[in-house]
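Chain naming follows the written order as A, B, C and D, and within any one chain the residues start at number 1.
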Amino acid sequence: MEKKPTVGYLGMGIMGSAMAGRLVDAGYPVTVWNRSRDKCAALEAKGAKVAATAQEVVESCDITFACTSDPASARSVVFGEGGVLAGISSGRRFVDMSTVDEETAKDIAPVSGSKGPALQGQLVILSAGEEALQKEAQGCFDVMGKRTFFLGEVGAGARMKLVVNMIMGINMVALCEGLAVGTQAGLKGADILEVIKEGAIASPMYGMKGPKMLEGDFASNFPLKHAQKDVRLALGLGDAVGQPMPVAAAANESFKAARAAGRGDDDFSAVYDAVRKQGLSGPPGPY
Amino acid sequence: MEKKPTVGYLGMGIMGSAMAGRLVDAGYPVTVWNRSRDKCAALEAKGAKVAATAQEVVESCDITFACTSDPASARSVVFGEGGVLAGISSGRRFVDMSTVDEETAKDIAPVSGSKGPALQGQLVILSAGEEALQKEAQGCFDVMGKRTFFLGEVGAGARMKLVVNMIMGINMVALCEGLAVGTQAGLKGADILEVIKEGAIASPMYGMKGPKMLEGDFASNFPLKHAQKDVRLALGLGDAVGQPMPVAAAANESFKAARAAGRGDDDFSAVYDAVRKQGLSGPPGPY
Amino acid sequence: MEKKPTVGYLGMGIMGSAMAGRLVDAGYPVTVWNRSRDKCAALEAKGAKVAATAQEVVESCDITFACTSDPASARSVVFGEGGVLAGISSGRRFVDMSTVDEETAKDIAPVSGSKGPALQGQLVILSAGEEALQKEAQGCFDVMGKRTFFLGEVGAGARMKLVVNMIMGINMVALCEGLAVGTQAGLKGADILEVIKEGAIASPMYGMKGPKMLEGDFASNFPLKHAQKDVRLALGLGDAVGQPMPVAAAANESFKAARAAGRGDDDFSAVYDAVRKQGLSGPPGPY
Amino acid sequence: MEKKPTVGYLGMGIMGSAMAGRLVDAGYPVTVWNRSRDKCAALEAKGAKVAATAQEVVESCDITFACTSDPASARSVVFGEGGVLAGISSGRRFVDMSTVDEETAKDIAPVSGSKGPALQGQLVILSAGEEALQKEAQGCFDVMGKRTFFLGEVGAGARMKLVVNMIMGINMVALCEGLAVGTQAGLKGADILEVIKEGAIASPMYGMKGPKMLEGDFASNFPLKHAQKDVRLALGLGDAVGQPMPVAAAANESFKAARAAGRGDDDFSAVYDAVRKQGLSGPPGPY
């Protein structure tokens, strides 16, 4: 059996640490880095090396993955001092799995999925860019995800991620408005979820998030601030290609209201609170 | 085995004729009526009696169901000359399965589902009103649907239907905006649908409608004008209970644009055309 | 000089009492009525007669005007027990100045303007319906308003009122969003108003309401619940004629949020609070 | 009388050429530059010098103004090869009058107003940044504008411009939706404009643009693509400071629809066509 490549992982957030953990479990020699080193502790305990800079990781590994929270940090990890560009050299591979705008994207393969799927290797990987690299990374992709799409030129993966997350964000606000108006009108939230489950719009997200939303459990699988960022970037994409998206624009404003209300670090389903906050306070209306 | 009650059915549209057909197949003696009699031909061929007025149906059947297209026609069937009220008498049961506003609702049990589920008896029945009636109607409900919810007082069924169809309508426009911006940005529509299928927002509706939308097949299962009507009535419900719903309001305008473009009688997925019509015509943009 | 006709006025709200007051001042013999009689006190003090029912007013006056708060009460004043229809007879004239939907409208001449203009006879009167009646009413119109438009068949006045108030409602929310984002971004609200005053969008409304909004003075000239009602009815008109209005729909949701927050009886500029409530609480953001 | 400083002007678009023209007329020695030199012809004919690069202008003038069409070109004029930074040196002043995002802004004084006011020196100048510079530029400001606001630190001018133009953009779409629904409902567009003129929302913009819109005259005073850019940048500002603006977001989508329909270079009032395009085609509806 051929020798496993050495693997680096930059960014130990919810997603990055889950994916890096799977690579360690799969027997890859893994080196990790995070801006605040303390977030590397869990991986170190698992047996991963911890590097002082992104540059050091890239220099010491055959292939390095990154998953950061937003375009700004993605950019600084790549272009900043002690960053990827400082360490990259021929034969060193770098795959950014963040959701970033395309100015930033080099070879990029963002993932679709949240904490749970990441821990279980059930992510969907949206790969694009240099095909040779994709082949080399496939072994790692197989450990991190259940399916990998090859979408063509650099940027296609980022665009796919934005489009799908935008649809997801709208579907979430749709459920929130429905639960809010329905319960205000005297229906039981649990009944609404049951009826949805039996029908054409049943989805894993509605099944998973719905009951938690009714309990007010907003522990973060996918932070709201990242969900809003994706909808905003998708609207920017619409701007670039001349596609109006009034419903996405309205949903974006609801996510912004939730962020403004201090929900940015909660799960994106916490937009439910912002939606209800706009509704009748105190006793329900006519119904 | 106990004798089957005689059953009437008012309104031979897509949904009504499918449900009445199942009742005939199940061995119920069925009498049908429709404003334009020609629409009764298929049921007559199946062995159903055809009556000249709604009143005549109600007078001659133990239990009568109705499924009409909008509050106005529902009202005229109930209150109009030769209507239900003229024929109803103690021991005669009437169950309106239309999506109507509550001023109209008497005992009402709207259904969730479209043509296919209706033909296969896979509808979800949202029953509310007098409990005794619900028990009597249960036999027929079992023939028409796969599950029946008892939601309490009169009107709860109508409200549930509106809430669920509003969420469905928003989900549909979300897919349309995503497909429109994604394809404008150089992604393949089929890839977008595949990625959705693997993820948290996979749903029967997206699986069923998505591919047809890409082919431009908008044969009607659920007419767009009825989908818009439900979103509009749900917004009215929000008005009544004091719940703002900016995303539903935006989706409603997109459905109105599709109606204005002459798509009202096509499937509600035809809103895709209205969404794209707002986008860049001719060659795609920067991407 | 010809004898003045006897004039009745139904509905002693902000607008009705102001207009009735001008008619008294102009020397017309005036009889007033209001559901809750106490609201008639001011006019009685001015020398108006007070009747026990709307019917009584219509029976005793040559021409009767009405200004009620919403379609429901307008309808009950006209069709209810002791209402206009019970008292109307040949030679008796009735002019409804409320903003009502057209099912209700008989001869109708809604007014454009709020408390101030009403007190000063500076209203704009949007008259429609039977031309003969308009001629007879002109004398009174001249006392109540600065200009009267004859818009043609019954209903045109109501439609014009809705269209203009819808535009006004949107302009108000536009100012609110601008003041909210500008002040959050470190600009002085007073500077924003000054710059507006110098430019293309300067308007009496912005000049009059802007400074009060910054002071949090929302004493009602035009109650927010009526402003939202007009936007909602205008959206209904759009529905009827097939005109999507996404911006009006978004503004309507903001007014609904303000109503849900208990601002319905304040001036419609109080939507400013609902707009800001969606924004960052506590210390401003980056700026 | 003191000697006039030598003045440079970069960007000979609608606004820039009008302002530069006034400076020439006022007796200032003016040097102009534009990416495509042909656009400098009119100023050259008036007696202005034409330079080959922005750098050359800055090097040869005491104070240089710039007015470019968007952040991208503003950035390249400042940072690009042969740009402002290459030529700037102590004692040389640079004032950017474009509407730009703040990353770009150095000392900046965007103007509020369009072609007409620019030609007549009736602009409102929103000055911010180094106070010393503002004093030196005041003479030129007096020639170009009727009033100058000093708004404080760098960026305040840009923010003020965005806020006011966002409100203006919304007001424009509000008029479009009102005219569209009103005329569909059988009202005369001219009557709607007359009623507006008599009321609280009368504004120079409505008075000026309204009649032209009814005639379909969309000759550009303020290009639609720039109006949409300003609304988009204002939404970005809202993002940065945590202020949701659902109505601005909806208006932005309408402007995007107009751009996608090829109206970007027409006057921003051409959004009227995009609004109507969403409405009922062919014969009007019920009314």
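We take it that a contact is a pair of C-beta atoms (placed from the backbone, for glycine too) under 8 Å apart; a residue touches a chain by one contact, two chains touch by 3 or more.
Just so you know, these numbers come straight off a predicted model, no measurement behind them.
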Ranking A-C and A-B by C-beta pairs in contact puts on top A-B
Round to the nearest whole Å and give the separation of the Cα centres of subunit A and subunit D. 38
Measure off the straight-line distance from the CA centroid of subunit A to the CA centroid of subunit B, and report it in whole Å. 36
List the centre-to-centre spacing of subunit A and subunit C in whole Å, with centres computed as mean CA coordinates. 50
Subunit C, residues touching no fewer than two other chains: 238, 242-246, 249-250, 253-254, 256-257, 260, 278-280
Among line, ring, star, complete and other, the chain touch graph is complete
Contact set on subunit A toward subunit B in their complex: 112-114, 124, 126, 146-147, 149, 151-152, 156, 159-160, 163-164, 166-168, 170-171, 173-175, 177-178, 180-182, 184-187, 191-192, 194-196, 198-205, 208, 234, 237-238, 240-251, 253-254, 275, 278-280, 284-287
Provide the residue numbers of subunit B that touch subunit C in the complex, in ascending order. 232, 238-239, 242-246, 249-250, 252-254, 256-257, 259-260
The answer for subunit D against subunit B in the complex is residues 246, 250, 253, 256-257, 260-262, 274, 277-281
